[in-house]
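One chain, chain A, appears in both complexes that follow, with chain B as partner in the first and chain C in the second.
Up next, the complex of A and B:
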C-alpha cells in the first residue's frame, strides 16, 4: 500500500486523531495562557517572586515529558488526565517568562502617565501594560504550542488522545507493511498541525497587537 | 513613543523565539535587567539567583532520592516488579541513559557550533535565513515521530536512537549559535578589523570569546534536550531509563514506573545543574553581567 492509498483508506480515523490532537493542545494552551499571564501579572512587580516563578516553571520544563507523565500516572491514572496536566504544566514556562519580561519591559513613564490621567490599577494593567506586553506574550504562546504538539504525541503512550497513537501503532507493528505509513502520517500530521497553529498565531498577532507598537 | 518601544520588544521576542523552550540562565538575567531600568545594580540579583539555585537543586535531589530509597526499603514488590528491577537492571538503564546523553551531546556540539560559525561568515550569510527557516520547521517535528522514522529506516537499535537524538537537538543549538554570533556588537568587530586583525583572528580572539556564554547555553540546551529524548530511545531499542518507565506503564507496576521516572527527573535536574555551574564558572570575566 502506498502512502497515498493509506491516507485515502484511513483518512477518517486520521482526521479524528488530528482533531483530538489539535483540540487537546488548544484547550491546554488556553488554560496555560490564562494561568501563565495570571502568574506573570501576580509576580512581575517583585523581583524575587518573578524570579521564583521563572525558576520553578523552568525546572518543570527540564523534566523529560515521559518521566513527568510517568509520575502523574500513579496519581491520576492513564488517559486524558495525565495528558492534560502535563501539557498545561509544560505550556506554562514560555508564557510566564514572556509575560514577566514583557510586563517589566513596559516603559514606567507610560504607566506613570496612565496614573496621572486617573486610571485605576486595574485599568492601567488592562489598558496600558498588558496591551504593550502582548507581543512577547504571544511569542511565548507560539513557542509553547509548538512544544506541546510534540509532547502530546508522547502522551499517547499513556493512552492519551491524538496523532501520537498513530505513531505508536506504527512502532508496535515494525516490519509490517503499514508501519512506515502510520509513522509518516502521524509525524507529518503533527507538523502540519503545528504549522497551521503557527499561521493562526501570526494572524492573531496581526489582529490583536495594537497598531502603535507593531514592528 | 512607539519608536523607543519597538527595539525593546523586538529584542525580547528574538530572545524567546530562538530558544526551543529550554530555559537558559541568560534569558532570566536579561529579563531582570530590563526590569530595573537603571537605579538598582542588576548584577546582585542575577548572582543571588544562581547561587540559590546552585545550592537548592542538590539539596532537593538528595531529598528526593532519599525519600525514594526509603520508600523502596519498606515497599514489598511483587515478582513482576522484582524481575524488572533486579540484576542491576536499574543501574544498567541509568548508565545507558548517561551514555546516550553524553554521546549525542558531543555530536550535537561538534555539528551545530562549527555549522553556526560557518553560516554567519560573510560568504554563507545568504544561507542563514534558509537555515533558520529549516530550524524552525524542524522544531515543529515531534521527537517521537523523528525517532520512529529513523528506526524504520535504519532498523531497531542504538544507532537509530542516537541519530534521532542528535538530529533533534542540532537545530535548536544551531539557531542559538547563529543568533548569538549575530548579536555580537558590530562595532567591536569593526574595531578588531580596524586594528588589523585577520578574519581568523577576529573569529578566534573576539567573536568566539564573546560568544562563550552563548555556546555554554547551547551545551546546556543540548544536554537537557538529550536527557529528555534519551527516555524515548527505548522505543527504538536504544535502552536507557525509558525502559523502566515503559515497563512500568505496560505491566501496570507503579514502583517500576515511579523509580524510572524519579531517576530520569533526578538525572535531568543534575545535568541542568552541572551545566549551569559550568556557565557560571566558565563565563569570561569581562562578560559577567
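Up next, the complex of A and C:
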C-alpha cells in the first residue's frame, strides 16, 4: 500500500486523531496561558520571586517528557489526566518567562505616568502593562504551542489521545506493511497541525496587538 | 453622581486651587540625609510656580510628593484648603493633572484614547468625553480631525508633548504638575511650547507647579520662582524680577548666571515701553506730499507703508532725490519688524541687527504702530532695573518690619496664648 492509499483508507481515523491532538493541545494551552500569565503578574515586581518562577518552570522543562508522563501514571492513572497535566506544565515555561520579561520591560516612565494620572493598580495592569507586554507574551504562547505539539505525541504512551497513537502503533509493528506509513502520517499530521496553529497565532497577533505598538 | 463630581472639578478648574506644603520631608531608608528636608511653601490659586535648581536637588521629588507619587515621610499637603496627605492617592491624582518629560503617552492607545483616560475613569458619559477630547486638541493647537486617531509614534516630539498636556488637563483639574515637560524637545519647539503654555494659562488660570533646571525657562513661565538648593532647601522664592535684580545669596546669583540685566529684557514686552511715533507715508501718496511731510517732521527719514498699513520701506532724504518721480526702486525694504507682544530682548536683537538702529513695531495684523530705537530701549531698561531695585528694597523692608513685629508680639507674651 502506498502512503496515499493508506491516507485514503484511514483518513477518518487519522482526522479523528488529529482533532483530538489539536483539541488536547489547545485546551492545555488555554490553561497554561492563564496560569503562566497569572504567575508572571504575581511575580514580576519582585526580583527573587520572578527568578524563582522562571527557574522552577525551566526545571520542569528539563525532565524528559516520557519520564514525566510515566511518573504521572501511578499518581493520576492512564488516559487524559496525565496528558493534560504534563502538557500544561511543559507549556508554562515560555509563557511565564515571556510574561515576566514583557511586564518588566514596560517603560517605567509610562508606569509612572499611569500612576500620576490616577490609575489604580488594577487599571494600570489591565490597561497599560499587560497590553504593552502582550507581544512578547504572545510569542511565548506560540513557542509553547509548537513545543506541546511534539510532546503531545508522547501522551499516547499513557493511552492519551492524539496522533501519537498512530506513531506508536507504527513503531510497535516496524517491518509490517503499514508501519512506515503510520509513523509518516502521524508525524506529518503533527507538522501540519503546528503550521495551522502558527498561522492562527499570526492572525491573533494582527487582531490583538494594537496598531500603535505593532512592529 | 460622577456627573456632579465632574462639574465640581469644572468649577474648581476655573479658579485653580491653592497648594500648601507644610514641613514636607522625604527620607529614604538607608541614607542619613533626607532627600527633601522640611519644605514649606504656599502657592496661591491660579499661580505658576517654577521649581528650579541643579540636578539632584530634590525638586522633582518635592513635586512628586504633591500628588504623592512619592509618599512623604513627614509634613502635610493641602490643596484648596483640603488636607490630602492621607486621602486615597488615586482619588487625589485624578484631581491633579500630571505632565512629564517626553509626554509619557501610552503607545498602544490613540491620541483620543490617551486624552480620554481620566474622564473615562471618573465616569463621564461618552458624548461628553468625545466633545472634551475635541475641545482639548483644539486648545493645545492640534487639529482634532487630523490627530484624533493617530498613535503617539506617528507624532513629532512637540506634538506628543501637546497631547501630554491635553491629557493632563482632560478632567479640568484645578492643579497641574509638570515635571520637566519640555526637557526632551529641541530648542525651537521648546520655545514654541512655552509660548503655548503661557497662552493656555491666560485662558485657564490653573495653579501650575513646574519643575525645570533651565533658569531661562523659569523666568519665561513663572509668576514666582523657587530656587532650590540641595535637599530642596528654598534658597529664594520670589518673582522672576526680584530674583534677577536682587538675588538672595551667592547660590542664587550663581544660578541666575551672568547677564541678569539681559534676562530681565525677557520679562518685558514691547507694549510696556514707550514707542516713538515716526513720520509715515503710504505708497499711494504723491511724491511731493511725502517730501513735504519729511521736511515738516525734521527727521531724515520716513517710513513708507503698503496699502494695508504694514511697514514697507525706509525712505531717506537722499533716496527721494534719486527717485526721480518713481518710488519703485528707492529706499531700503523693511526686513524685520517686532510685534507689540515681543519681548524687549527680541526688540533689542532686531535693533542691533538693523543698520540704522531702529525697528518698526506692528500690531496684530502686521499694521504699523510705532518704532523703537536704541535710545528708547536703553532708557526703558534703566527705568525697569531701577524700579525693580526699589521694589526689592521695599519688600525686604516690609519683611523685616513683619519679623520685628512678630518678635515683639512674642516677647509681649502672645506666644503662650497661641499655644492654648
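Heads up, the rule we're going with is that the second predicted complex is superposed on the first by the 215 of 215 C-alpha atoms of A that agree within 3 Å, B and C clash if a C-alpha of one lies under 4 Å from a C-alpha of the other, contacts with A are read in each partner's own complex, and residues count from 1 in each chain.
Methods note: a residue touches a chain if its C-beta (ideal position, glycine included) is under 8 Å from a C-beta of that chain, and two chains touch if they have at least 3 such contacts.
Quantities reported herein were computed from a predicted structural model and do not represent experimental measurements.
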Pick one for A:132: touches chain B only (first), chain C only (second), both, or neither. both
Q) Can A:153 be said to touch chain B (first), chain C (second), both, or neither? A) first
Query raised in the report: Where does A:112 make contact in the superposed view: on chain B (first), on chain C (second), on both, or on neither?
Result: second
Does the superposition put A:200 against chain B (first), chain C (second), both, or neither?
neither
**Message:** Taking the superposition on A as described, I'd like to know which of chain B and chain C A:76 touches: first, second, both or neither.
**Reply:** neither
Larger residue footprint on chain A, choosing between chain B and chain C, goes to B
Open item on the list: Which partner chains sit in contact with A:213 here, chain B, chain C, both or neither? Use first/second/both/neither.
Closed with: both
With both complexes overlaid on chain A, does A:120 touch chain B (first), chain C (second), both or neither? second
Contacts of chain A common to chain B and chain C in the A-superposed view 110, 132, 212-213
Seen from chain A, its contact residues with chain C in the complex are 109-110, 112-120, 123, 127-128, 131-132, 210-213
Touching chain A in the complex, chain C uses residues 67, 69, 90-94, 97-98, 100-102, 104-110, 117-118, 121, 151-153, 167-168, 177
In the complex, chain A touches chain B at residues 44, 47, 50-51, 54-55, 58-59, 61-68, 70-71, 73-74, 78, 90, 93-94, 97-98, 100-102, 104-105, 107-108, 110, 132, 135-136, 139-140, 142-144, 146-147, 149-150, 153-154, 157-158, 164, 167-168, 170-171, 174, 179-180, 183-184, 186-187, 190-191, 194-195, 198, 212-213, 215
Chain B residues touching chain A in their complex are 1-2, 4-6, 8-10, 12-13, 16-17, 19-23, 27-28, 31-32, 34-37, 45, 49, 53, 137, 139-146, 148-149, 151-152, 156, 224, 227-232, 235, 241-242, 245-246, 248-249, 254, 257-258, 260-262, 264-265, 268-269, 272
